[in-house]
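First chain A sits with chain B, and in the next complex the same chain sits with chain C.
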Partner chain A sequence: MSDVYRDAIERLSHVPGVRGALIVDMGAGVPVTAEVETGISPDALAALAAALYERTARASDAAGFGALSTFHLEAEGGHVVMAGAGDLVLIALVDDDAQLGRVRLETQRAAETLQ
Partner chain B sequence: MKTPAPADLQRWSDELARNPASLAFLPLARAYRRLGRKDLAMRLCLRGLEEHPANVEAHALLALLYLERGERERAADEWSIVLRLKPGNFEALRGMGFRYLEENDIPRARQHLERAALIRPADAAVQEALRLLRQREASARLEEVGAEPASAPQEDEMLTLVEEVWTPDLAGFPSFIDEDPAAAGAQGAAAAEPIELREEDVEPWAVAPADEAERHAEAVDVQAEPAPRRETATAIGDPGRVFETLMIGPILGALLLDARGLVLAGNLRAEGSADDIGAIIGGAVDEAKRTVSYLELGGWRGFLMEAQSAVIHVSPVHPEATVVLAAEPGAPTGWILRTAEQAGRLAARFLEAYP
Partner chain C sequence: MKHTELPHVVRALRDPLHAFVHESRARIAILVSRSGQVLAQHGFTSTYEVMNVASLAAAAHASSNMLADLTHAGHWKHLFHDGAERKMFLATLVTPLEPFVLVVIFDRQSSLGLVQLFFDRLSKTVARLPELQRGVERTDLASFEKDLQAGLERIFPVDAREEV
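Entry: the complex of A and B
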């Protein structure tokens, strides 16, 4: 695994409230690298989240809003924050009470390092 | 014009006090208008529209009240709502026709006035306006082919007509607005009546109506509170303007979508059409729900996507409806989320009104 990828994941994983972080190859829908809590399947999360990101990116483009940069999915039990970096997407699975502002910022910064 | 009877006022007032959602606000507002208590009438109307946002007669009455206050823009807003709800409403067609005349939007003026003339061919103001319009158009055509133009109506002549019609006393605007609901069909006769209260028409009890009127207003709980924001009533009544109050600063607009991604209400300042955007964004909702379900994250609360030229927030307001809020890039995220909550509340009210 490249140091850049590992650094991005580690940086994100250390933000309070982040339960898991992955870098996913969007085309294949498979994790390039992942660090997630026990009980979460990185493969399944990678496949679903990448599909969602890709779908939304297409929608954004088709709707005339241009290229998608980040995507934040909100649910009662937590959040999924994603940021695109070319063919890759960085995904953070986050607790509901996490500092979302910081998570979003770190996700975007980490994605920038992958560009 | 029939003077409202005290017993009727009492009855409608009591009914509203018992049931604030009652339609009694309408005859009561009409009665107060006739008694010259137009502020009270307006408050009753606005309050009533919060409960009955699609009530055509209430919008039409509000238009008249605005017109009487000289607020033509607002009167035109209400007429445009009336026309969305009831495209064949004579007062609204005529009012909008003259509004467009005033703005010198001749094609739309003609369109509205011609439709009004079909409904009430004997209306002198509409016929006169159409005659002047035809003269002006004929003159313009002659000029185009280099012929000597006939005597075209001067701008002043048109504007004088507009002024006359905008003055409700001269225009015979009341028609069904001033009638009892039971007599609402008899529009022709009522149209010729003056609409202002004449002193000789006022019963002794109503000559000094202030106390009585205030008492009734308190009974329906409109006096003690500030007047509801006009935008609320307007926005709910007009699907295109449901989210209008949120359209400030970087907010590009909002859409209410049904489960099929079809737009139910709202609009967007964006490149694509609202329908296309609704369909495209709505399609991502199922994918989002599936991901939330798989991750066992509980109920889906929405998603926020940041793109090159917009930030989009999508959230559910109903098991089968979602709200899409769009803002310019760089808008503060927390503010977008709060605005999205407000949009959700407006959407919920709209869905309640149009289940």
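Entry: the complex of A and C
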């Protein structure tokens, strides 16, 4: 694994409340690298999250809001925070009681290191 | 596969293949037996295209398996061709009856990850179909054309076919 990718994943994994992170090739919808809990399929997560991010980016563009920077999905058991980095998207899986402001900031910063 | 089994198999595969295409956002999908029988398709409008793709898919499957043997790779999970506009995914669908070959053509509305994900789900669905739980019967090369024609007649009814 490239040091840049590993560093970004490690940086994000150390943020309180982040229970997993992965970097995905957006075009292919496959994980470049992943650190997720047992029982979570990184392949399935990468495919679906990349499709979601890509579609949302297009919607943002169509709405005249320009390029998508981060995407936040809130669910019953937690959150998914995504940040784009060129052809890659960085995904953080977050506990529902985490400090989301910090997670979003760290996800954006980690994504910037991938550019 | 026996000719008498074909209508049941074709009927059983129709919905799972359509669900796969819908979920994966693929453009074209075709499911053929190893001998080239067309079992299900989505996205083709011409019998001629289906016939060619079915034949080439069966040939590509056979040659890639031979390549895997020669290189001691065991067997390929899937083949992927990344084109500028369209991409092709070719994989074996293992069923209790016999292995089938799935060929999927997709563009940037989908992705390799999505196709893989829903291919895995399609594999599980198809493996559980009661119509595919019968014994295995080998198809020899001599019956290839007959099987191919029989499959095409199921997929494209005579009145819906184009002149080729």
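Keep this in mind: the second predicted complex is superposed on the first by the 115 of 115 C-alpha atoms of A that agree within 3 Å, B and C clash if a C-alpha of one lies under 4 Å from a C-alpha of the other, contacts with A are read in each partner's own complex, and residues count from 1 in each chain.
The working rule: a contact is a pair of C-beta atoms (placed from the backbone, for glycine too) under 8 Å apart; a residue touches a chain by one contact, two chains touch by 3 or more.
Keep in mind that this is a model prediction, so the values were computed, not measured.
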When chain B and chain C are modelled together on chain A, clash or fit: fit
Partner chain in contact with A:E76 - chain B first, chain C second, else both or neither: first
Three-chain overlay, vertex chain A: chain B-chain C angle, C-alpha, nearest 10 degrees: 100
Which partner, chain B or chain C, touches more chain A residues: B
Contacts of A:S60 with chain B and chain C, given as first, second, both or neither: first
Touching partner for A:L52 - first (chain B), second (chain C), both, neither: first
Partner chain(s) touched by A:H14 [first = chain B, second = chain C, both, neither]: neither
Chain B versus chain C as contact partner of A:A44, first or second or both or neither: both
Which of chain B and chain C A:G27 touches, first, second, both or neither: second
Least Cα gap, in Å, left between chain B and chain C after the two complexes are fitted on chain A: 11
Chain C-contacting residues of chain A that also contact chain B: 44, 48, 51
Footprint of chain B on chain A - complex, ascending: 40, 44-45, 48-49, 51-52, 55-56, 59-60, 62-80, 93, 101, 104
Of chain B, residues touching chain A in the complex: 270-272, 276-277, 280-281, 283-284, 287-288, 290-292, 294-310, 312, 315, 326, 333-334
Residue ranges of chain C touching chain A (in the complex, touch as defined): 25, 108, 110-114, 116-117
In the complex with chain C, residue positions of chain A that touch it: 24, 27-30, 43-44, 46-48, 50-51
